[in-house]
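Some structures are shown below for you to check.
Here come two complexes built around chain A, the first alongside chain B, the second alongside chain C.
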Partner chain A sequence: MNNSEKPVARKNSLVVQELNNEVLVYDLETNKAHCLNESAAIVWKHCDGKTTISDIAKQFINKSGNKVDDDFIWLAIDQLNDLNLMESGLKPDFKGQSRREVIKKIGLASIIALPIISSLVAPQSAYANVSCGIATCVVGTMPSGCPAACPTCAGANGATVVCTV
Partner chain B sequence: MGVYRLGLTIYGVKVGIETNRKFLLKEIESEIPLTFPVEIFESEYEKSTRRFSIKVVGKEKYKIEIDGEKPYIVDDKKRYLPVFFSYMRVKIAEYAESKVFIHAGVVGWKGKAIIIPAESYKGKSTLVAELVKFGCSYYSDEYAVLDEEGYVHPYPKMISIRETDGDFTQTDFCAKQFGTIGAEPIPAGLVLITEYEKDALWDPLQISTGQGILEILSQTIPIRYKPEFTLFVLNKSLSRAIIAKSKRGEALHFAKILITYFEETSKLNFT
Partner chain C sequence: MSVDKWNAIKFSLDCFYIKKVFDFFRNFEIEPVLIKGYSIARYYPQNKIRNFLDIDLVFSDKDFPRAKSLSKSLEIDDILIDYHLELRHLDTVPWANLFAKSEIIKLDDTEIRVLCPEDHLRVICVHWLTDGGEYREKLWDIYYIIENRPADFDWDRCLNSVSKRRRRWIVCTIGLTQKYLGLDLSNTPIEEEAKDLPRWLIKKVESEWQKELRLEPLIIASYNYKSLIQQLWKRFPPNAITATIDCEGDFDARTRIFYQIRDMFKRLKF
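And now, the complex of A and B:
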């Protein structure tokens, strides 16, 4: 781990929607949506390839008014990396500690929320959630476990609806 | 036998419908205003960008094709139209111009929309019907239709309530028999992330706009087709609303609990 490294946030093929205290990122390559909480969002925005980890920590303090150390920044970058939201795969070394141990340590010492990113894959097709309630129906398939009279994709109500191909 | 065609513009989508029987086209024409409760314009079939076809292909066999995708055979003369319109609604919801469709029940309460996103068979229509009986205005039991400003538009099709005996039989009710129907676009006031569970206690947790958007994304029809516009609209709409998450009990008792919660939380949040 090198705190003089200058991480770069990924910009390509992403749709970014700024919210009040969060950032929503939609990955056009994977159709995954990510919600960055305020802490994760501040770190991600400062990953411009010019700012070192230590400087991001300083800017974080300026922006939020809360004291954080470099491990806090690495914790955010570690998650951003895992979700493919960074250009370069920087690998933090938490000095022999696991991510969980670092979270516990930082969590106890911080009054600001830990960087958290929640993710979800967008439905495969527009039909994905027009469901029979037994299984998720996708166009072109008869879900396994559905009875013969499955009302596939809402509306069939007892008719057999099968794909002919 | 022959080819019978119809061209329409619905929510800005140029729709072409083709059948091989005159009676089928007539049935579709008479059903369309009930399925799409908005202003519909005639247009040219040849200029349509979304094509729907339903054809008789055997004794009580109907072949449905949408946009050249894999065809479906429906072998029930009572069900071919509901199946056809079910697919057509989703397709129009996906490609609608300047609108974002969310699979949700919607009612209005004192000028604000209560949006209840959920997939089918989760009791959405039953809850909507109970809320309308309680005094809310009916907006939709299928889609929350959001415009560019995040306002919720009425989509007042018949309320479709399914029997609970497991055969999924669906009965359509005119919303007017339960109460009033909303006419104007209104801002979102409450987004309710909920699911029915027998004897569940209402224990709402307020969540952030971002978390709320993630929660409803799986019900947001055009997210893959137009993600940028969709996220923009969802932010506009949900950033004004309370977003609450909790399991719920029976719709009959829950309507009053929900409205009380909405009124009390609105006072706390916006005064």
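And now, the complex of A and C:
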């Protein structure tokens, strides 16, 4: 792994909302919402294309007051990459270890929360509100098979509602 | 917690779309006015997110056909927009006057046009009644508009720009908000007046709130035979509140029946 790499976070087609220490991200291309915990959020915010992995680790320490190494930063970037939240497709090399093994190693060594990105799922009540009778419309994903004539789904097409037949 | 997160990101997403549609229409020199949705949500306290499903935009008679023809444009065809041709039954003040009094608010770096709070409160009250008083939770919209109204809120503009009948509708809706949500009306000109609620209205809203089946547009219900029957049945006899509003009726009339009959024929387009 090259820790002098300067990762770039994706900015386009994303709606970002900070909530307490977390960052919520809605991807307009995939119509999926993600929640970055504080650790993942700090890393993501520092991926400006000017800061190296090692410098991000230093900034992380300054910001959180907890010691982390470069693997910790790579772990966050790996997940951000998977969710298409990075511009630069940097791939970490965990030296033959699986991500799970790295998580275990870092988890044992650090007292700070591991970078975690979780997907946000629409609340159950929203399902009922948008049921169109043809298909079950689920908030949070992109409509595909919904007939254009369906007023509920077609209306909300792409905004927040998706049809899963 | 995840519901809170979902609501927070959905709210941001909706705001993003509002900015996008305003930018879009302004590129064509069309100036819409946002009603309901975000323009109410901004009165809510920060810890209480008021989500909305669509974006209600009002266009002048002149701009409406062009706005509708642009609605299929790729840039906005994935956004749920409700296009209103002026305010029709929701208000009787001429659109030119409403537009002249409308305000520009900032949504991040975008300027959004909304009705002035006095006009908006009137519109929200009539809209709530048009729904037949079904949505108790939407009384919170009225609650927060009044609770967080500007210091120079012009009650005269709000109540006396319309007929006495409409004034009564609005005062009664505010009165219901006071009765059921504890809205504080002290130091307002309707402090006493809002307590005088017709008995039929109280009875009607309370019975509506007991019902499990909510009113749905027939076009949506028509995709399911059972729900279509339920929705048709729900419309008979017509909701007394909706019928009164549709017929520009009097809240203090002795009976609702004539409004209901008239409304039924009106809806059947006789």
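We take it that the second predicted complex is superposed on the first by the 119 of 165 C-alpha atoms of A that agree within 3 Å, B and C clash if a C-alpha of one lies under 4 Å from a C-alpha of the other, contacts with A are read in each partner's own complex, and residues count from 1 in each chain.
The rule is simple: a contact is a pair of C-beta atoms (placed from the backbone, for glycine too) under 8 Å apart; a residue touches a chain by one contact, two chains touch by 3 or more.
In this text, all values refer to a predicted model and were calculated from it rather than measured experimentally.
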Partner chain in contact with A:Tyr26 - chain B first, chain C second, else both or neither: both
First, second, both or neither for A:Cys35, with chain B first and chain C second: both
Residue contacts on chain A - larger count, chain B or chain C: B
Partner chain in contact with A:Gln17 - chain B first, chain C second, else both or neither: both
Residues on chain A lying within both footprints (that of chain B and that of chain C): 15, 17, 19, 22, 24, 26, 33, 35, 120, 122-123, 126, 129, 132-133, 139-140, 151, 155-160
Touch list for chain A against partner chain B, complex: 15, 17, 19-24, 26, 28, 31, 33, 35-37, 118-120, 122-123, 125-133, 139-140, 149, 151, 153-165
Residues of chain B that touch chain A when the two form their complex: 63, 69-76, 78-80, 82-83, 85-87, 90-91, 93-94, 103, 119-122, 167-170, 208-211, 213-214, 217-225, 227-228, 231-232, 235, 239
Complex contacts: residues of chain A adjacent to chain C: 15-17, 19, 22, 24-26, 33, 35, 120-123, 126, 129, 132-134, 139-140, 150-152, 155-160
Parts of chain C lying in touch with chain A, wherever the complex brings them together: 2-14, 16-17, 53-54, 77-80, 217, 219-221, 223-224, 227
